[in-house]
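Each of the next two complexes has chain A plus one more chain, namely chain B in the first and chain C in the second.
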Partner chain A sequence: MESVGETVFIPARTGRRVRRQIIDRVLVLALTALAFASVATVLGIIGFIILKGLPAISLSFLTSPPREGMSAGGIYPMIRGSVLLMLGTLVLVLPLGVLGGVFLAEYAGRSTLSRLLHASIASLAGTPSVIFGLFGLAVFVLMMNMGVSLLAGCLTLALFTLPAVVFTTENAIRSVPESFIEAGLALGLSRWQLMWKVVLPNALPGILTGIVLSTGRAAGEAPPILLTAGIYYATGDLPRGWDILKQPVANLPYHLAEGYRQGGVIPEAIVWGTCLTLMLFVLLINMWAIIVRTRVRRKQAW
Partner chain B sequence: MVETAFPLANEQVVVSAHDLSVFYGETQALKSVTLPIARNRVTALIGPSGCGKSSFLRSLNRLNDRIPGFRLQGRVRILDIDPYGSRVDMIELRRRVGMVFQKPTPLPMSIYDNVAIGARSHYGLRGRRLDEVVEQALRQAALWDEVKDILRRPALQLSGGQQQRLCIARMLAVDPEVILMDEPCSALDPVSTFRIEELMVELAKERTVIVVTHNMQQAARVSHYTAFFMYGELIEYGASKEFFLSPKMQATEDYISGRFG
Partner chain C sequence: MRWLGRLFEAGVYVTGITVSLVVLVMFYYVAREARYAFGDTFAWGFRLALLPADSSDDMSPGSAPYTTLVTVNAEGSDGLDEHEEIVPAPSVSSVEGEMMLTTAATLVSDITDIRADRLYRDEWRALKTTQQGDQFLVLGYATPRYQQKTMVLAWEPDSGFDPTLSPYRLVLRLVRAPHGVDVQPFDIDLKRQPSGRITLPAWVARTDAERSNGYVFEIQATPHRSAFWATLRGIFSTEWAPTLMYPRYGVLPLLIATTLMSVLAMLFATPLAVATALYLSEIAQPRLREWLKPALELIASVPSVVLGYFGLMFVAPSLQNWLGQALGMESGRNLLTTSVMLAVLAIPIVASVTEDVLKTVPESLRESAMALGLTRGEMLWKVLLPAARSGIMAAVLIGAARVYGETMIVWILSGGTASMPSLSSLQDVSRVLVGSTRGVPDTIAIEMGNVAFESVHYGHLFLLGVFLFAATVLVNLTALYIGRKQVWRV
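So, the complex of A and B:
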């Protein structure tokens, strides 16, 4: 079947082809191995925490306060504190961050001012969270006399998340198709109407995802609240009304940090249980972000 | 207003460009174009791709402003407005000068709101009055029967052709005096195209329509006047009948007979 002419040339070609195939195989193998290694690491960490934490977790662990000088009982006040901190942060960062993003995207243009703002926000975004914690302690807790309190903690966390929210908002607004903006302009909408009716609804999925993701990240951060909002001893009771803002709150990351520092007062099982709870807490927030985004997208039939 | 050049002897000039040049950075899109346009007539702009038709339209309602590097020289008048004058009210300009784009651009809101948004914002209409305006605009755009039961649905769920008619309705609801259409039928099926052509003729009874089209038959069917552009220059301008029957310039003849690429 094969002609003589072809067989003559085959050895030389196959030599090169075989070598190329081997290199190909090795590369694919190496990449697959690396991918598996990274996935395995992540799964390993998660699995480890689940293994260690799961035995401690039960309904009563999640819904009852600690007992016997923190050495027994549940972590309900810490969960509640984390939720409060996150909600407060959300409320504070939402208007500020969105306004900042709108300003950068629409009004600052390509001016020197805008470049300066970008640079400073970018460096804020890269600042370690402990610095925000110290800033919060110095300004909110001491200078403004708020004391270690929920309010000071929320303000600190809001500052910590602000750069990310500003940037995601700006990006979401910048990626609104020009054709929508032109359509709005051609109709004679005012700048405000254009922003409110056309640009923001379009950018909404991106903005919401950004906000929820960054507050979710903030919810897991210990340094910002360590010095501004945390408290070690916690009971099931909360003050009524706005007084709640003036009190420190127990919360998950703080409890973890203390669990370590108090050297054995908090039993290891409870620490691991708290650890797993915090992980699930952040995971839930991220899932919520994804659900919100797909919901809004679907509503727009995007 | 402006010296009525060539074919418009018995017409009232409502839009005029005088010695108009448009640049995007280094590119010059329009070269000293002088073009008066007649009130309550359909004027077609034709010419090969990239010759500056859209640039001309978008210069009239200042939609080019957002393009980086955009520069304009010369004089533009539209109605009694000087769009590039220092005291121009852009919102007023765009209320009186409506536009339809080549690509349908329904806004991410309901069908009803798409049509209502302009009327609501310019005339403060609400409730029953607004409903009437929306219905009338949708009827004029030949879309009412298809959407009257789904007015609250997102506009983006409509088909491409329906979306384009929605954009036309949205423009009509603002009740503009001059209507700029940039290849409005390029996304439409023959039936919708025919309806839009009828609509253009109908609208031109009391409004001025300027339409960019690549369809020679369409230009010949609906327009009273036709302007032919090439490489940013106005090559020929005249009453459509004569324009298509006996063009004066060789380039025009080549283009309308399909000899130009």
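So, the complex of A and C:
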């Protein structure tokens, strides 16, 4: 048993302790360096695109249509198309996603079945965006005869954002404190009254920011739009009224993807300008949502 | 008010169940469209030529001047009707040079209908179903200047056509020998012997009218294997070339390339992402963390098209400059560049999920480690990482699934050549790394733009979608499963 006593005392030897501390310092330093390297890389990319794109951006670039076979002019139709797509997606995903989230949080329970439902939605969340494009093409565009149109694109993007909206809604509802619900129950509220008057109002900020975050991400995805809603040659002559829904729509990610396919028709400056506009479009939406969320969380520090 | 409540609850149940079924519905429809891949038409074609008996072995039907191509493919019109477009067979007097032997397509399938004034160089026919099969008659003769006693019939598949993948039994036979020529009839299985040569006694056509009395060969395709199995074999072959005259739909090169670039990207991304997460959750000051975590989320939302363009304009030329010489890079658009940008895409995702995982490790584990006198580094390395191991693995898998299905970065940066990567030697590996490649998701997105809806090619693109879908669902479910196991709960 002497050897046991020895091992206990070895760490106390100063040489070893110093070495351990050096290793510790080095490890912490390395982690810090790696973390900053990865954050810096990605921030660097954002900075690079801002630097490259900024010279191209002007008021007329953002508000005029392209000219001369896309080789000059602005990108107004694409911006308008992206906004339309995002709004349509928002409207479609809102009821589905929120009701789905309520179901998971409050009605599905904790059974094996609910675990299966969770797994199913998680699989949907991890499905590549191009698969949604394929599905949209097969079902909305061809089977339902919508053609390549804004409506088909919005439906496809709504499916794409659905799992994220369901999960954020579920989390927002679950984070409403138990005491609120108990208070409601004590007042004799029925389950749906509790839902409608206590849970949903308190979860609302979380739900809304979640929806905005996920539709923002969808607005930057090219593959679903590529197969269901995009058009390359956009002019100033844009469809109006309800007709909009049946027409294909020019939009920012599609413009970049198709511009690459056409190979060098769009001058580099306009490409960078479009990249920056798309990135800012998505980042600003997200930044707004993140700020709102942080503020709400601070206010709701139950 | 009560009916409103009922309505609300009914809505919740209906939507909840619908939403949960979406993934199954999607899988069903994507798989259903893949049925078009199993169309039952297959293109095929052979070249036949008569060669002088003393011709060298490297003379092939492809290089002989008077060769006959018989083919059934998507571009073929039915040769029996539209022969205006087809070149007439040379007349006996016009055959020049050293090749004094010719073959000619007859455009008929009945041997009694052969007419000397209707002979053509080649014969192209439209696709028919595998159940019908097809059959060509080809005439062969020598011209009067040919002096040798024998001549050689040579055959080979048309370039790009692989007889072993075809669902037909393909046979070359001698149906009629010219009058007065004594020759053993032959019947060759073209699948076993796709190309070859056979020596025949020479027969000379003295006049143009006599040409129709020469040797008559037949190439016949009869249904053999089911079209389904032939398609399946084609899918698991090693070449993807859907726009060729004899299209190849082998998905293996695409699947392997996508897997390769995802694995490589995760090798780059995992250490950086885990380090970032460890720093955020264990080392950073709370104030800094409050800023960095949202920044990370923000970064994860940079559209991948933009990342692709950044890779194209900045990373590709830089890598080309640094490593171009050393690795023999021909273009900055290659597998390595693609993996690097995919890693950039994956880092924020993996880091964010890993950070969430680390947050769930109970404080008691950290405290006990510290109480035992471990340094912070030892605590991270020996306690925290092992405790969070399964969660971190789940995070890496989630990132891998995202990278595996990423379309735009691969589209813009991969270079676009679908070829079977060979990894047998170190040199090959480096060639694959710096070589142009092409993955599954980008192929779907690129080619769906110029494909006829509900064609065989369209079906194969959906089939690629099925593979991609299945792979990502599998990876995600694995992540979900192992992420649920938490070591400290044992």
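Please note the rule applied: the second predicted complex is superposed on the first by the 270 of 302 C-alpha atoms of A that agree within 3 Å, B and C clash if a C-alpha of one lies under 4 Å from a C-alpha of the other, contacts with A are read in each partner's own complex, and residues count from 1 in each chain.
Note that in this section a contact is a pair of C-beta atoms (placed from the backbone, for glycine too) under 8 Å apart; a residue touches a chain by one contact, two chains touch by 3 or more.
Nothing here was measured: the structure is a model prediction, and the numbers come from that model.
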item: Chain B or chain C, by number of chain A residues touched; value: C
item: First, second, both or neither for A:Val198, with chain B first and chain C second; value: first
item: First (chain B), second (chain C), both or neither touched by A:Glu221; value: second
item: Which of chain B and chain C A:Ala183 touches, first, second, both or neither; value: first
item: Partner chain in contact with A:Asp24 - chain B first, chain C second, else both or neither; value: second
item: Partner chain in contact with A:Leu104 - chain B first, chain C second, else both or neither; value: second
item: Partner chain in contact with A:Asp243 - chain B first, chain C second, else both or neither; value: neither
item: Common interface positions of chain A, toward chain B and toward chain C; value: 190, 193
item: Chain C-touching residues of chain A, taken from the complex the two chains share; value: 11, 20-21, 23-28, 30-32, 34-39, 41-43, 45-46, 48-49, 52, 95-97, 99-100, 102-104, 106-108, 116-135, 137-139, 142-143, 159, 162, 166, 190-193, 195-196, 213, 216-217, 220-223, 226-227, 253, 256-257, 260-261, 268, 271-272, 275, 278-279, 282-283, 286-287, 290, 294
item: Footprint of chain A on chain C - complex, ascending; value: 5, 8-9, 11-13, 15-24, 26, 29-30, 32-33, 271-273, 275-276, 278-280, 283-284, 290, 292, 294-299, 301-310, 313-314, 344, 347-348, 351, 373, 375-378, 380-381, 398, 401-402, 404-408, 411-412, 441, 444-446, 448-449, 453-454, 461-462, 465, 468-469, 472-473, 475-477, 479-480
item: Residue numbers on chain A that touch chain B, as the complex places them; value: 178-190, 193, 197-198, 201-202, 299-302
item: In the complex, chain B residues that touch chain A; value: 61, 63, 66, 90-95, 98-99, 101, 103, 105, 107-109, 117-118, 121-122, 154, 156-157, 167, 170-171, 174
